[in-house]
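Next come two complexes built around chain A: one with chain B, the other with chain C.
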Partner chain A sequence: MSTARPSTAPAGASLAGRSGSVTWMALPAMVIFTAFGVIPLLGVLGLSFTSWDGIGVIHFTGLRSWRAELANPGLPHAIFVTFKIMILSWLVQTPLSILIGVFLAGHQRYRNWLAVLYFIPLLLSSAAIAVAYKALLDPNFGLGAGLHIGWLSQDWLGRGGLAVAVVIFIVSWQFIPFHSLIYQGAARQIPRTMYEAAEIDGAGRIRAFWSITLPQLKNTVIASSTLMVVGSLTFFDLIFILTAGGPGDATRVLALSMYKTGFQANLMGLASVIAVILVLFGVGLALLLRRIGGGANTQSTLEGG
Partner chain B sequence: MATTVTTPTQGRRKTPTRHEGPAGRRPRPNWLGAILGIVWLVIVIVPVYWIVITSFKTQANYYAMNPLKPPPEPTFANYQLVIHSGFPRYFLNSVIVTAGTIVPAVLVSFMAAYAIVRGAGRTLRVMNGIFLGGLAIPLQATIIPVYLIIIRLHLYDTLLAMILPSIAFAIPLSVLVLTNFVRDVPRELFESMRVDGASEWTTLWRLAFPLTRPALVTVAIYNGLAVWNAFLLPLILTQSTEKRTLPLAVWSFQSQYGVNVPAVLASVVLTTLPILILYAFGRRQLVSGLTAGFSK
Partner chain C sequence: MDPISISRRTLLRLSLVGTAGVGLAACGSSGPDKASDSGGSTGSATYWYLSGAPGEGIRTNTVKRFNEANPKTQIKGSTFQNDAYKTKIKTAIGAGEAPTIIWGWGGGGLKSYVDASQVEDLTDWFGQNAAVKDRLFPSSFGAATVGGKIYAMPCETVQPIVLFYNKTSFEKIKAEPPKTWADIMDLVPKFNAAKIAPFSLAGQSRWTNMMWLEFLFDRIGGPEVFQAVFDGTKDAWSNPLAIQALTECQKLIKANGFIKGFSSITADSNADQALLYTGKAAMMLHGTWTYGSMATDGGDFVSGGHLGYMNFPPVDGGKGDPTNTVGNPGQYLSISSKATAEQKDIAKKFFATAVLSDAEKKEWIASGGIPIVKGADAELANSKDADFLKFVYGVASGAKTFAQSWDQALSPTAAESLLDNIAKLFQLQITPEQFATNMNQTIGT
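Presenting the complex of A and B:
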């Protein structure tokens, strides 16, 4: 691939320099992303107006799937659970990630070792994590029972509120390491001189954290939150394996509803309605976070400018 | 560690004074931070430790022993069981799907990033907008049409069925990160290549490619991790046992072995081990690249 082939450059490239002569280089990526990203995105909207069992013929049925799904009492519940898990896990992850990231931004050697170990949960697949935690939390043979610690040997996945808490804990366990590393990188970019100035003015560590570190991390908070929030819409593997949405419907998030409706109940039209709702939430939340971040600043965060 | 970060991004910073001053410069040690850091370490490490030691226990030991004590006589029987249950096949599938995804994904994303930085015009701006839009969209929501397309292409239950959508899903973030890095290549270098009569294609491979290599490796590792650990695509787009990838295999081991928890955990360890080895080699690259790519 590295051999130079000047002949492949379209004629005129040498004349105009950057007059769009490189546009074709973006085409391969565009073609693949269109085929398996953009077209499916439009396709899912199209399929939401049909009925399809996943194998047979696709029938156009107009608004029937939309009417049926919007009247389904399970939908508001799934939306509620999705947002409950999203907001609570954001509330747990963000402050801890910032604190850990800022702490890791110091330069002692042991902090580097901590960062090495922190990264391990990110290497495990959600499937592996779910399978392992299911055994770990087993009320009869898990960690709590084995250590004879009463509060640790509860029926963690058998009670609604607890199961939601467990999901939030595991999600945080898995992703705080990643976000804290983002904050670590950002915190290291804050000019040292700002802290020295604050110190001269007599500001303590906590004051400096509130007045310098946090404001300087604003863009990072927006970027990290966007990843966290949009990512949480797609929590599927973990919940599917850990609780399968249960007990009852306590952890049945939208992504899981979509899978169960489409691939277990073979109602692809209804499942597509749920998928469209997921897309709308994703775009809406990303735009909202952009607005919170305040115009130009966020633009550079999201668009790499 | 941070002092070895030599990505072009660092050069662009307005504050080249990386604070590598003496570590003890701050007047008071950060006790609060240290306590939090250690507590979090325990929370992270105890489950990992438990997974590893339990995978070496016999079932009798698993029920009878203190769960946090390592077994007196570690057994490899669980690992043998997993390896004889088709693990090599699943491992190979995961390798093929992962490599088959990241090589094309990184190359096309890099070319796109180069075009976005170097080119101009409405078409490119629109394309860039579409890639960035992909970041805000939970792409798993498009799984039903992807399933339909894969069936219509007669690719259902093949490894390629997982590879094609995985490439597409990897593109938005890869383009974003790589664009940031290509943008940091000094303009003068491009100019001098042009003066030398090099085409954009030559400039792409001879100049931008080597200078962007750290970011390319980062993007490759990041996407590789996502594909290696992917569960939904294999679950939906494959059917037969021979096409299983590792995460799907771990899940099926769970129902296969039922109460044999040590064997299930051995499969968890085995599926994570290759990634752990790669992490040992590529950690610096991954972490520094990710932090530079996201913290702008």
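Presenting the complex of A and C:
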């Protein structure tokens, strides 16, 4: 199977031989990460022990913000909504992305064209998508009202359950292309010989999908799921424009709570607590997914292992 | 550099991009938001204000006139959309990057700037320039005053909230405009039967819902009920008259008084006004600032005389004086205390010579607004909107109590909690009693 990766082995060998210079080359990235990742993170952690209105003097108040936020009944609700949207959007996106990705992995020319078409939603900014969908879904001036299609002129964003469904639909519409692309790449990496062997053994296409494609995509599923799950913690712009957390607080995710607490209610200490909680969730989920992957994502599945 | 400011700005940009996009999609009239330039070189002051017709054009013209008259001292203006601006200005002030001239609504927001000593005390300046002060409505200075000192120059127009209605819709169902709250409740089923929504409402913006509570509280309980909240009286929201007002409001919601999907409509896009002038809704409770854009965007709705307006009707047995009103007693310009002495001088010169100059005054009147200048009523007769302007002038000057909009009067923290709970009240997620309990917890914050 070494034909699949003829170039990586020598490159790896030479990198190992010059490990000193590799560390040196990582320095710019480390500097940027420290400046824009670590230091702000420490700043937020520090702010979570203060009370600050965003304008005046910062007062150190110890654990008061933490106690207040953990006692806030809005917090469990925001966590619930965050996880609801995360899990549902994962459930919608993953199977569809795998199917589309595997389908696109074929080498017919039209599939490349399709891949390009599918990719278009990802090129649009979330803000633009949200604005467009908000206009389309407007119950009085939107698509349904314009075309006089009764079922389409629902109060899409004005009823809690529907609004959550709309958010998940739009998120999926936006990000399935990206994950399909990952799966397309991964599926193309699966050696032909495995399918040839399966064919000789008499396996059909569906059997080959379950027995070869899916197991071979395991690491890609972990990688794509990590991106989906951690990414869904930061859904903000889309929901902010689409529903502003409403109706009521039906789509008020943690990131939106953080924004509203910090920038609308001027409670920077409490907002920092929510930010720290978000970071903890993000790190925890990423580690959990690695664990589910069996720590094997550094290992190659190419040999069928 | 303050490390927090990085993530804050990133967030902010996201939100600005977003809300700017909303505006662009919804109405072609509001142009692209200009890039913000903070700080500024010496010899020039910066000024941030709201975008959107007709105010944006008038503000820009005033700046232009000032710059032409003072070639050596320039003011650079930047515009922002309403909701985005509220965040942007707070963040900029917190980061020490405030513009020289800060446009605002006075009240609780201004107080938070004052508490952080971010804005100039203008009391002495007004003392020395009595002429500047004396030509403005005295009532406009209330929301500019914190702890007995004046921190802002009132500007622009007086904007009470009034009840607009579409005369054509009323003709269609052969009904008269409501004279009391009971009439309103009677009209609701009649309009619904005719497939016209009784009231337009941009509920996603939340402060739009708040206008209903402001009037119901006033008409049922009088201005004292909210004043008690504002003064920090314990459990003030649990006043039985407050509960009654909240209950009446939910009655209207349950009777389908508001247009279908109201909680997904935003006011920034002017969709609520469009519902009124397209005849999809019969009435709309809104600020007088919407008159200008309805006249611009609504075809012949305003020019053809199809727009009706009135002060909010009384509630039978209510304590409030029916002349009372709520809204914006003016808009406000403050000077950043972080500005250089030269910039502060430019700003003061701007206040004294350009703000509400005769030219600007005429433009406001032409746009359907009442500038907060004494004797402005004398010029109303020549306007093509004379009837409306006289009506607004009458409401504003005749009001026994002209209360400032709640979210502007309260501190930003209490206001956010209020808007949140109002959104839930209108969603019927909480009862009036729960609303009162939730809000009582914010008293004193």
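Throughout what follows, the second predicted complex is superposed on the first by the 269 of 305 C-alpha atoms of A that agree within 3 Å, B and C clash if a C-alpha of one lies under 4 Å from a C-alpha of the other, contacts with A are read in each partner's own complex, and residues count from 1 in each chain.
By definition in this document, contacts are C-beta pairs under 8 Å (C-beta built on N, C-alpha and C of every residue); 3 or more make two chains touch, one makes a residue touch a chain.
Model, not experiment: these values are computed from the prediction.
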Chain B versus chain C as contact partner of A:Phe236, first or second or both or neither: both
Which superposed partner A:Gly43 touches (first chain B, second chain C, both, neither): both
Chain touching more of chain A, residue-wise (chain B, chain C): B
Chain B versus chain C as contact partner of A:Arg205, first or second or both or neither: first
First, second, both or neither for A:His59, with chain B first and chain C second: neither
Partner chain(s) touched by A:Val279 [first = chain B, second = chain C, both, neither]: first
First, second, both or neither for A:Lys260, with chain B first and chain C second: second
Contacts of A:Arg111 with chain B and chain C, given as first, second, both or neither: first
Chain B versus chain C as contact partner of A:Arg291, first or second or both or neither: neither
Which of chain B and chain C A:Ala132 touches, first, second, both or neither: both
Touching both chain C and chain B, counted on chain A across the two superposed complexes: 36, 39-40, 43-44, 47, 54, 125, 127-128, 131-132, 134-135, 141, 236-237, 240-241, 259, 262-263
Chain C - residues contacting chain A, complex: 2-4, 6-8, 11-12, 14-15, 17-19, 21-22, 24-26, 86-87, 90-91, 93-94, 112-113, 115-118, 203-204, 259-266, 271, 274-275, 280, 411-413, 415-417, 420, 423-424, 427, 429
Residues of chain A touching chain C in the complex: 36, 39-40, 42-44, 47, 53-57, 125, 127-128, 130-132, 134-135, 137-141, 155-158, 160, 163, 236-237, 240-241, 243-244, 246-249, 259-267
In the complex, chain B residues that touch chain A: 1-2, 13, 15, 17-21, 23, 26-28, 30, 33-34, 36-37, 40-41, 43-45, 47-48, 50-51, 54, 62-63, 65-68, 104, 107-109, 111-112, 114-116, 118-121, 123-124, 127, 130-149, 164-165, 167-169, 171-172, 175-177, 179-180, 183, 194, 197-202, 204-206, 209, 225, 228-232, 236, 246-248, 250-251, 253-254, 261, 264-265, 268, 271-272, 275-276, 279, 283, 287-288, 290-292, 294-296
Sites on chain A touched by chain B in the complex: 1-2, 4-6, 8-9, 13-14, 17-26, 28-30, 32-41, 43-44, 46-47, 54, 96, 99-100, 102-104, 106-108, 111-112, 114-128, 131-136, 141-143, 146-147, 173, 176-178, 181-186, 188-189, 191-193, 199, 205, 219-220, 223-224, 226-227, 230-231, 233-234, 236-237, 240-241, 255, 258-259, 262-263, 268, 271-272, 275-276, 278-279, 281-283, 285-287, 300-304
